[in-house]
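Notes to accompany the following structure.
Labels run A, B, C, D and E following the written order; every chain starts at residue 1.
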Amino acid sequence: MMGVLVGKLSEVIEKVVDEPLSYVINWGRLYSLWPVHLETACCSAEFGACHGPRFDAERFGVLEAFGSLRQCDLLIVFGTVTRKMMPRLKLIYDQMPEPKYVIAMGACAIDGGLYFDSYNVLPGIDKIIPVDVYIPGCPPRPEAVVQAIMMLQEKIRRNKAIAIGSWIRKKFLKKG
Amino acid sequence: MSLTTERERALLDKIKAKFEDVIKEKYVKPKRIRIDVSPQKIFEVASFLKALGFNQVASVAGTDYPSSNEMEVVYHIVAIDNELRDIVFALGERVSRDNPIVPSLTDVWKSASYHEQETYEMLGIKFEGHPRLERLLLPEDWADIPPLRKEFKLPGRE
Amino acid sequence: MGVITTFEQFLVRILQILFWLLLLIPMILTPIILLILPYFDISSLYPLVPFKERVDYNQFLKFLMDPTLVFPYLGDWMKTDFFKVVIFPGFTFAALFSGVIITWWERKFLSKVHNRYGPVYAGKFGGILQSIADLFKLLFKEIIIPERVDKLFFFMAPMGTLAISGALLALIPLGPSTYIARSNLSLLLIFAVLGFYPIVVLLASWASANKFSFIGGLRSLHQLVSYEIPLLLSVLGIVIMAGSLDLIRIVEAQVSLWFLIPQFLGAIVFIIATLAELERIPFDLPEADTEIVAGWLTEYSGMLFAIIQLAAYLKFYALSALFTVLFLGGWHGPIFLPPEAWTIIKVFLVMSFLMLIRGSMPRIRIDQLIRIGWVWLITIALINLFIALFIYSMGVKF
Amino acid sequence: MSLAIDLISAINQAIKNLFKRRITLRYPEVNLDIERGYSYDPKAQVGIAGYKGRHILHLEKCTGCSLCAIACQNIANCIAMVKLDVSYPQNKKSIFPQIDYGNCVFCGFCVDACPFYALFMTNDHELSSTDKKSLIMSPLQLSIPPVKKKGLVQLEIDDRGPYHK
Amino acid sequence: MAERTLTLSIGPQHPGAGHFRLIVVLDGDIVVDVKPDPGYVHRGAEKMAEYRTYIQNIPHLERPVIIDSSGILFPYVLASEELLDLPPPPRAQYIRIIMAELNRIISHLYWLGIYGVFVGHTTMFLWPVGDRELFIDLAQMIAGARVTFAFFVPGGVRNDIPDDFPDKAIKVCNYYEKRLKEYEKIFFYNPLVLKRTQGVGILKREDAIELGATGPNLRGSGVKSDVRKDEPYSSYDDIDFEIPVYKDGDCWSRCMVRLGELYQSMNIIKQAIKKMPSGPVKNAKRGVLKGIEGEAFARTESARGTMAYYIISDGKPYPYRLKLSVPSFRCLSLMKHLLVNQHVADIPAIYWGLDYWPVEADK
């Protein structure tokens, strides 16, 4: 009896609270991705082109590289991360406020790319920070970056920003 | 493009006249001269070259020769804005691999400073008299041997 | 704090949001409540609402049958101080106009200068909801409080900037009767309120415990202090010509001729000093991102940052409106539009012009900035003052 | 005075650009028209100009000689030879190249290395993925020609500036 | 003294310095000491080159400076051609010149865009980055990639230019020459830009030579030095062009040199298209490429200055030692000289005025 009641309650909360609020929050998040200004290697030149008038990532609400990382949500790792850069990258990721997203741009950031046998290059950034979208290419075309941003938006849209209903279900139904 | 080497010969003769016994001619190609000097005498030769008009260092290249247990440092010197501007002069020296110490030419050419620092870092050749022999490009926690030595193998190779 | 999965997190978040809503939204919600209140017995609430007489239910039913009967009451209500402070010339209108429309328009307008589109996809029409999206994102963003900051001032400073910008709005008239407060000294009061801004900025930068913040705060202090003097001097000519410090009196003096024409030099000085006061390009030194990261904003995140931005845009609006009132004849214009509309159109044009300067100028250096302020602007402002005195002594009356 | 003129002419230049064309390519709706991919003529030993995008593999021509893998070995090390369940007469061992786009740098030297006209490049460049594994393309995936894109435009120039048509 | 000063670390995460760190000591608003800290992008290209054949070296050797990738490959192919004995056919030399000059324009426009940001001029970031796409499209027509072309190979170039390239290139060049006039009005002769850049970071002629400046930095100090004229390689001696030289040695001179080079590069492209002979584009020699024993030193003028390669071969398909001498690396010695006793706000203006591309310097 209790279980049915809690189940119904969680469903109602999911419908009434979770879904509309999640929609609104996610809508704000996905059109307002501000990238951190962190240039790790040469792909940053093409990221600049992506913000140029031709590809104009600001159409999606992505500002051109922003001042302070305290206000940013998106960490785009432009290419190679060397052993000297690795601790800094981790630090920068930790300093960003939640929620934060990471895009690995270029072959070097995904797997090491050309520098698979270099003595000073980290083969793939997903070993130290979680990555949301990978953009292959060396460097990727700006269209590919825009496509990745759209992919990330899709990912944010599907993500549940608030999940009270399922929390209630998990907590109370197991006990009962 | 002239393929004769008369000017280069004349230039080399001028240097040879001054330093008869210390320099060793390696090659004379059109617009390229290479001589080898012993590390003890390189400072004098370099000063003379600068007086001739070679006023900038384009590159300092260190090379490791484990087969003959030697290391080589080559200064590529160019002349900016004078009549020697089309000639690249290579000034080489060789030291033993066991204790690679050579005099720094920073006092002759200031432009050699960062190149020498890089060579020190990448090959472990010490430049005596260099103001700043410290870590430049490699990470702060680098504890391996200098990477451009031949016994340093890339990860996953051989 | 990305995905909220537990009830505790949800409660915390809701409390946080309530805090921000309490700060911002009442200005939008209260008018609706006040619209309904008159229909009920509200004798106990007399001090709050405009209607001194008792409204009975019959009246309410009548309104339901014929909604047009509400309008006279609405008109009465719109004349109350509460409405003025909170809604129309006051906070809500200014915040919506400067925080939503102007931020969007700035991005679109500059994009056109850059030969590109700017925001497109947020909102159906040309990305018009872009700033709302930014606001929603910042509402739900984590606020990072670094360990070594002075928490009290770190939190107070954004509120301080908002309060100062909001206070500026009170004194600026948008129409002959559309103003919040009228004073014989309103022009002077505006400068008095502006004078608090550098203190708040310095407090914020000091509280942030960050080198870049601190440099930004010092720059801001230098800049704001040295540009208040030319700003004040540039309007003295107008005070002489209009013979009053009252802004409404000044606008009324411009019926025949805008002060822009006799006081052209003063207008130029005022525009330049305004740009410096607003910390906008070419004077955005306190937030110069390629030099000192984000200046005194470096450590601010989430909603605190949004509050500072809102305050900056409110100040932008207030000073543009001041320029309109002082130099562009305020609400004077052809009769086919209401006076308030003319003021707003002029303010919009002034703001667009300031954006255009942002699109065509680089940032200048702090020593040059101070030099321009203390040497050139003060000189020009003094020349302008003499011109005004000359015109006044010729016996020209405005 | 000249200072004021210069300042005004700078602002004027900004105003003039309000009436110029926008160069923006509205990417998701329209696509840049890149005509063809890079290919190579092994007889003449020269390439044929084209865009270096994703590869296309002609299964019926590939002999499984792994020259492409050898060419790539020291460059990006992204080509691996894998066995397929299909049988072609020219490829007795049924091994074909599989490309890991997480590593590929699109230099096209694998195309130069192929002597049998089997491996070319296409103009496809939209390869982003949320998953690292899906960047590895099997020979069968490589053999599918790219989808023809909608709304192809090209960069044109007229008096009011460059634009896409 | 220690109480008076403030140490700032500009980079590697700083909008004014990408992949590079400047440790700056300030006294008030004045810079007292500067220590450049490069190496955040050191990828060991020289060591990796010893494990790759002459062809396989091409992709990773162009990565250090992808915005000028032909510029960095040009001396490599010249040096390796000397070692491999593979002279390029004449048509290939002209195509190389076109590519190198296109790349010079692309690189200078990128530089100009970032310089705009660094002095706070937002429009000057977006215009050059947008117009750069015109030239990127041209380069993409030839080499099939936006920036990393891998187009030069020892013995020629990889493919011939398409038939419709010459018309399009001349159209773009004609349009852009007009467009540059707008840049001059809004940026180069803008009084505030002049205030920011004139008399800032003065590099005297003697110091420039002594400290090893090269390329536009050297020409901005009044030294007429350009490898394209000093030691004409490829087909540069058939082409008539000028070297812009400015005397003052400040940031503005360095800007104007690059502006002049934009005009000159378009001039060179037009001439090269006209003078281009027909014929093959690649040396027809086949077989495994093995270097002859010996060494070669080749230098060219890339967008940032003299780019040089020193290759030692011991008769194997791999180089025994490859030394890459890049112009950005030489800027390191200029930094301390120029930045000390300047204002904080001038750090970005001087730093990027040198066109220091950290990836290139770190190799």
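The definition used in the following text is that a contact is a pair of C-beta atoms (placed from the backbone, for glycine too) under 8 Å apart; a residue touches a chain by one contact, two chains touch by 3 or more.
Everything numeric here is computed off the predicted structure, so don't read it as measured data.
Separation of chain A from chain E in touch steps, taking the shortest path, is 1. The chain with its Cα centroid farthest from the Cα centroid of chain C is B.
Between A-C and A-D, more contacting C-beta pairs join the chains of A-C.
Remark: chain C and chain D have CA centroids separated by 50 Å (rounded to whole angstrom). The centroid of the Cα atoms in chain B and the matching centroid in chain C are 65 Å apart.
The mean-CA centres of chain D and chain E are about 25 angstrom from one another, to the nearest whole unit. Residues of chain D found to touch two or more other chains are 10, 13-14, 17, 22-24, 26, 75-76, 105-106, 161. Counting partners per residue, chain B has 138-139, 147, 152, 154, 157 as the residues that reach two or more other chains.
Contact with two or more other chains is made by residues 14-15, 39, 42, 44, 47-48, 51, 59-60, 123, 126-127, 130, 133, 148, 186-187, 190, 192 of chain E. Shown are all chain pairs that touch, namely A-B, A-C, A-D, A-E, B-E, C-D, C-E, D-E. Taken in their complex, chain A has these residues touching chain D: 53-56, 59, 107, 110-114, 116-117, 126, 131-138, 140-141, 143-144, 146-148, 150-151, 155. Taken in their complex, chain A has these residues touching chain C: 24-25, 27-32, 37, 52-54, 56, 58-61, 66-68, 70-71, 73, 95, 97-100, 159-164, 166-168. By the touch rule above, chain E contacts chain A in their complex via residues 12-15, 18-19, 39-44, 47-48, 51, 59-60, 63-67, 110, 113-114, 125-127, 129-130, 132-133, 136, 146-148, 359.
Contacts from chain D toward chain C in the complex involve residues 10-11, 13-15, 17-18, 20-24, 26, 161. Put simply, chain E touches chain C in their complex at residues 6, 8, 14-16, 29, 116-124, 126-127, 130, 186-187, 190, 192-193, 195-196, 343-348.
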